[in-house]
Amino acid sequence: MKAKYPIGILGATGAVGQRYIQLLENHSWFEIVWLAASDRSCGKAYAEAARWRLDTPLPERIARMVVSPAEPPSVSSSAPRIIFSSVDAAIAREMEPRFANAGCAVISNSSAYRMAANVPLVIPEINADHLHLIEDQPSRRDSGGYMVTNPNCSTIGLVLALKPLEERFGMEQIFVTTLQAVSGAGYPGVPSMDILGNVIPYIASEEEKMEAETLKLLGRLESSIAGHSVTPLSARITAHCNRVAVQDGHMESVSVKLGNKLGRFVTREDILAAWAEFRPLAGKDLPSAPDQPIEWAAQPDRPQPRLDRNRGKGMAVTVGRLRPCGVLDWKFTVLSHNTIRGAAGATILNAELLASLGKLEPGRWSGEPAAAAATAHA
Amino acid sequence: MKAKYPIGILGATGAVGQRYIQLLENHSWFEIVWLAASDRSCGKAYAEAARWRLDTPLPERIARMVVSPAEPPSVSSSAPRIIFSSVDAAIAREMEPRFANAGCAVISNSSAYRMAANVPLVIPEINADHLHLIEDQPSRRDSGGYMVTNPNCSTIGLVLALKPLEERFGMEQIFVTTLQAVSGAGYPGVPSMDILGNVIPYIASEEEKMEAETLKLLGRLESSIAGHSVTPLSARITAHCNRVAVQDGHMESVSVKLGNKLGRFVTREDILAAWAEFRPLAGKDLPSAPDQPIEWAAQPDRPQPRLDRNRGKGMAVTVGRLRPCGVLDWKFTVLSHNTIRGAAGATILNAELLASLGKLEPGRWSGEPAAAAATAHA
Amino acid sequence: MKAKYPIGILGATGAVGQRYIQLLENHSWFEIVWLAASDRSCGKAYAEAARWRLDTPLPERIARMVVSPAEPPSVSSSAPRIIFSSVDAAIAREMEPRFANAGCAVISNSSAYRMAANVPLVIPEINADHLHLIEDQPSRRDSGGYMVTNPNCSTIGLVLALKPLEERFGMEQIFVTTLQAVSGAGYPGVPSMDILGNVIPYIASEEEKMEAETLKLLGRLESSIAGHSVTPLSARITAHCNRVAVQDGHMESVSVKLGNKLGRFVTREDILAAWAEFRPLAGKDLPSAPDQPIEWAAQPDRPQPRLDRNRGKGMAVTVGRLRPCGVLDWKFTVLSHNTIRGAAGATILNAELLASLGKLEPGRWSGEPAAAAATAHA
Amino acid sequence: MKAKYPIGILGATGAVGQRYIQLLENHSWFEIVWLAASDRSCGKAYAEAARWRLDTPLPERIARMVVSPAEPPSVSSSAPRIIFSSVDAAIAREMEPRFANAGCAVISNSSAYRMAANVPLVIPEINADHLHLIEDQPSRRDSGGYMVTNPNCSTIGLVLALKPLEERFGMEQIFVTTLQAVSGAGYPGVPSMDILGNVIPYIASEEEKMEAETLKLLGRLESSIAGHSVTPLSARITAHCNRVAVQDGHMESVSVKLGNKLGRFVTREDILAAWAEFRPLAGKDLPSAPDQPIEWAAQPDRPQPRLDRNRGKGMAVTVGRLRPCGVLDWKFTVLSHNTIRGAAGATILNAELLASLGKLEPGRWSGEPAAAAATAHA
């Protein structure tokens, strides 16, 4: 039995922080050794600092851990160098580079650096090659530390459904309307008086994020002597974002105009095959990767959040209702679990991918102390 | 004080039937004198036959009325010749022509004949001229009776928002995703186990109805010696229909590609002005017509069903969130009250329009008995 | 047409503050002339300071009013001397006496002074005589100012249903379980993640308030040369308070053991008559008093919040399901609108009662300036 | 590896029938071999006949099974003799005795025979000894068949919480108000228009069932030469039953007046200990029995349906908020999963208990064919 990678969590008391804790209990590669949160939580036992909102018990070991200040480790510290981060964008903007500069692998769910030119925005099934951007980050050269991000919760389901189509057929236009769950807004998040029996047709900055992130994720890595860069997909995209009275699970109504890669009309069977055969991580044995990242729901009224969000332990997206579109080519519905596949699980899967690529290994960070190395995985 | 038009209701115990009763209490032109429903309700007092589900009291007079069988009036009957109908399509298909043939004005919310070539599908603000189709109906010539329909609940909000744009700028492509309230499915309708904390991305035949009805409503009446016909608008349209956990009020995320009627780029101000100035019924004094059929909500997170559905007593639609679309030209959100503007109020407003045009008058139906004429309005 | 009483509102931007504004629009006796809220709202137009959450439009006149600091009027100020207050208990504890000492009639929905010995806790139909306590308040003698309170939102429905029974039959034991709406917690109040598809079996201090307030409201005013006091009803009471996913309307399951005033077994008919005949404000013409404060719902599954909360414009409570109790004598269900009858409407009705008793009149407050007197009602 | 008991299911397509299927997938003792439902389902594959509403996949093996008519096995049939039944009371009344007379062990969730004098109403932790009633059933003597029932979904949580208190302290008065989930009404069950943002203070016959079943479950088995009988607990009980907008999980607000068995005042610690130490099935190794049937939630706002209903895989009940009661002695909140512990899981646990007692064994039914015996468990 190998030692596990020691993990630190930034934003441990928040909704995504709680999911990290839930998903990492009994994780075969990772072990939480450090929890950080805002000043008012510091010094308290986690069980006191957090208002645990998940329907599985707070693990006893975590309940007793004392919340640390959100400060990067000093050179000699035994604090972990692998940091899962999910904090507000304004805080992330200031804090994540400090951890990277201190030699940490900052694997983040925060939005602050997703669109930065030298920060990879990655979904392992989609664009693992974008991780080469890490090598261009100044901190990587100086301290070994770097930053990697995963997309917004509403982007991930969309891009997973689009990627196999883009790959086989090309992708020219994308239309998406979201019906997003309240957990996407964190806790306390959406007031009940706003959403009970209601729809809110607005989520601040969400449409802009979905549009920009989708094109970067589907973009092409360019490499030259000067370094790497990502050229976004050249496609038109528009998003309408709505909040609905659902606990977990973002639904999306999608229409697409495909390209001409196939050289002929793209049939329903072509699309179903593209989804069914999309298993780019097969054989990699990443613990959180679902066998089938895109599941097809054959019933006419599926997917539905309550019934389908937990497919693949919340890491599979479900597509359904494929039918011709009167304006573009095809339309369909996609569902993903917004706090698992769309947030905490996304960070963890990115970390698993980085581990499998040797990018979480001891010795790669110049300042890394021996203690951390001793507990590393492989 | 003039006598009121006597009204009969087909499908009086259903969700829309109840709204007819609610909205016609104290109506200045119309008075309910006859209620019909399915066999199991016949002969019972309305209060016994119906499970009243509205939050205003069932009017005492109606509570005591006995439910009649759904049979057309005989020539000598004193039963009303003006029939508001909201029954299942299969029943309407058989029943409504029988009432028209018996000399009744059948003003229907049912879907059965909306797309029939010689049946007008009408929203008074949009296409009152389509009512000329009535004159081509065989029953009109034989008995004076005819059929008029209003659109599906999800179509009405959309078309009201589109019409001023189509009129001024032209309309080439329409993309709409709906988030529809449960009351649209009638009673008992959607099981709570299906919709609590959930979204259902499917409503049978709804997308087809929205697409076809929208183009007919925005179509052009052609008149010739052979009669009238409607040429649907030549535009591309696609609808994604979803059910959400909202009591009343259909929300719609809409993108449009406008035409070139204006001869220049259509600005945000152009669109806001088109909506603000759209008051085609001004001066007609129809009792149920809202002063401002299209209300603009300036706040970034509006309209919302719970807060805005009752604008204009449920007869105004609310538009908001106008912004450029990355795929088509502009995108926005529209809300309408699905059982008032989208159903019962739509029928009533059609009837008011017909009355104002003299098409509910005594003497126009060959078989009409004196009794009915005596109580007529003008 | 008489001048209206000028009203100031403390806590104008909150959920109850908004209801004051909604209910006072077009009120025949009262006119809002002054709005106060917390520091961050001061100096802003009300429309900017408040996030209006009601489904009727924010009145234009109010939208433009500038929010004032929550400071009592100076002697020479023209600020209103009639203050409706709904602020957090901690704030009310400090602030309300300052307004009373400055000569204001503080008519409060806040909980801070409800149980104070010389502050009347009043529901006009129940215990108007408790208003004599005002005369014992030091501020009353010094400046003319005084404090009057209305009960907690969950108490009011219960006590209205109990009073006619207590009066006719006596009341020995009271058991109540509440199912309370989210609006009772104000805005933002209950997070949607906590209540969607859920029940929270706890509302801080609510059970204690219900139990104590009920006994004070049903208590007896004692008068002596030393002043007045209220002896609480001598009965046993227990409350279980739950929060449910309802927008407005508190439901309560109640069992009671009656006393022996009647001298014989109390029948179902006795109780129905007690409720039906309970109209203590008849003839007083208070604008907000419902004709029938206690409405009986005969259907076996009523009252229900969505269908019955607006009876009597939200000022009537609805009782139903009267049946024998296996532990006490009788059990039933009671519903009241928690932000109208249970909060804002309660304050307003108290003010109407005070006006009808001459306790809002000019000249009664020693420091009152001429300006305010000039606009007073009678 | 031992063979499993072959199980047949009556009412296989209903909400509880689906839970049987879900809970028996991979069950170590039981295997479904026969599914029966109403006539319109007969002859169809289960996947066609049922509208699967659970959030785990319908097992493939079950999906393909053909639904049989609900007819008891003939003597020579290989159909299973162990029947789990969950059908409407009217159907159960006629059908269950026919299966018992045909030699089947009918283990039922239906209400038809729960209160019959010679039919045991059993919760294994509470009153396993009541199973002796089986031996008095005529069918037992004639064919070996018999009937056993489990209580109503709202009764089970209550009785589990009460039993340890009744046992140690005695129980004189019981007050309970329920807040029940919609799944308790089956599918389609409660219309969404009735329950969204609402409470329904009525569930037909529920209060009567809760009151009667609770006293029978806590009653004493009397045995004599003439046979067995159950004397209900002599206590006063009253139930208020409400439906709320919760998917799964019945909440109950409970007050109790305890007896004097302890000979002194019962403290909070006494009660907590009674619950904590209540483990009557310890050591019996029944697969569905939770280690801790009564879990204590220490937080002041727990239990909650969404967060706690799945404790003990849905088979544990959670108690919380223990505090003194102003009318009786103590009050608290109890939660149980209504379709697992309160229905399907209750039947299964009864079957496990019967198996452990040798009452599902081959050879005990006179008409049992060899085929069934060959696959039996022990």
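Which chain is which? They are A, B, C and D, in the order written, and residues in each are numbered from 1.
Here is the rule we use: a residue touches a chain if its C-beta (ideal position, glycine included) is under 8 Å from a C-beta of that chain, and two chains touch if they have at least 3 such contacts.
The structure displayed is predicted, hence computed values, not measured ones.
> Taking a step as a move to a touching chain, how many steps at least join chain A to chain D?
The least step count works out to 1.
> Could you work out the angle of the rotation that brings the CA atoms of chain A onto the matching CA atoms of chain C, rounded to the nearest 5 degrees?
When the C-alpha atoms are superposed, chain A turns by 180 degrees onto chain C.
> Using Cα averages as centroids, what's the distance between chain A and chain C in whole Å?
So the centre of chain A lies 49 Å away from the centre of chain C.
> Taking each chain's centre as its mean C-alpha position, how far apart are chain A and chain B in Å?
Distance between chain centres: 45 Å.
> Taking each residue of chain A in turn, which ones touch at least two of the other chains?
Touching at least two other chains: 53, 196-197, 245-247, 306-307.
> So in the complex, the part of chain A that touches chain B is made up of which residues?
173-175, 177, 179, 196-202, 211, 236-240, 242, 244-247, 251, 253, 255, 300-307, 320-321, 325-328, 331, 333
> What residues of chain B sit close enough to touch chain D in their complex?
Per the touch definition, chain B meets chain D at residues 15, 53, 182-183, 187-197, 245-247.
> In their complex, what parts of chain C are in touch with chain B?
Residue positions touching the partner: 53-55, 196-197, 247, 306-310.
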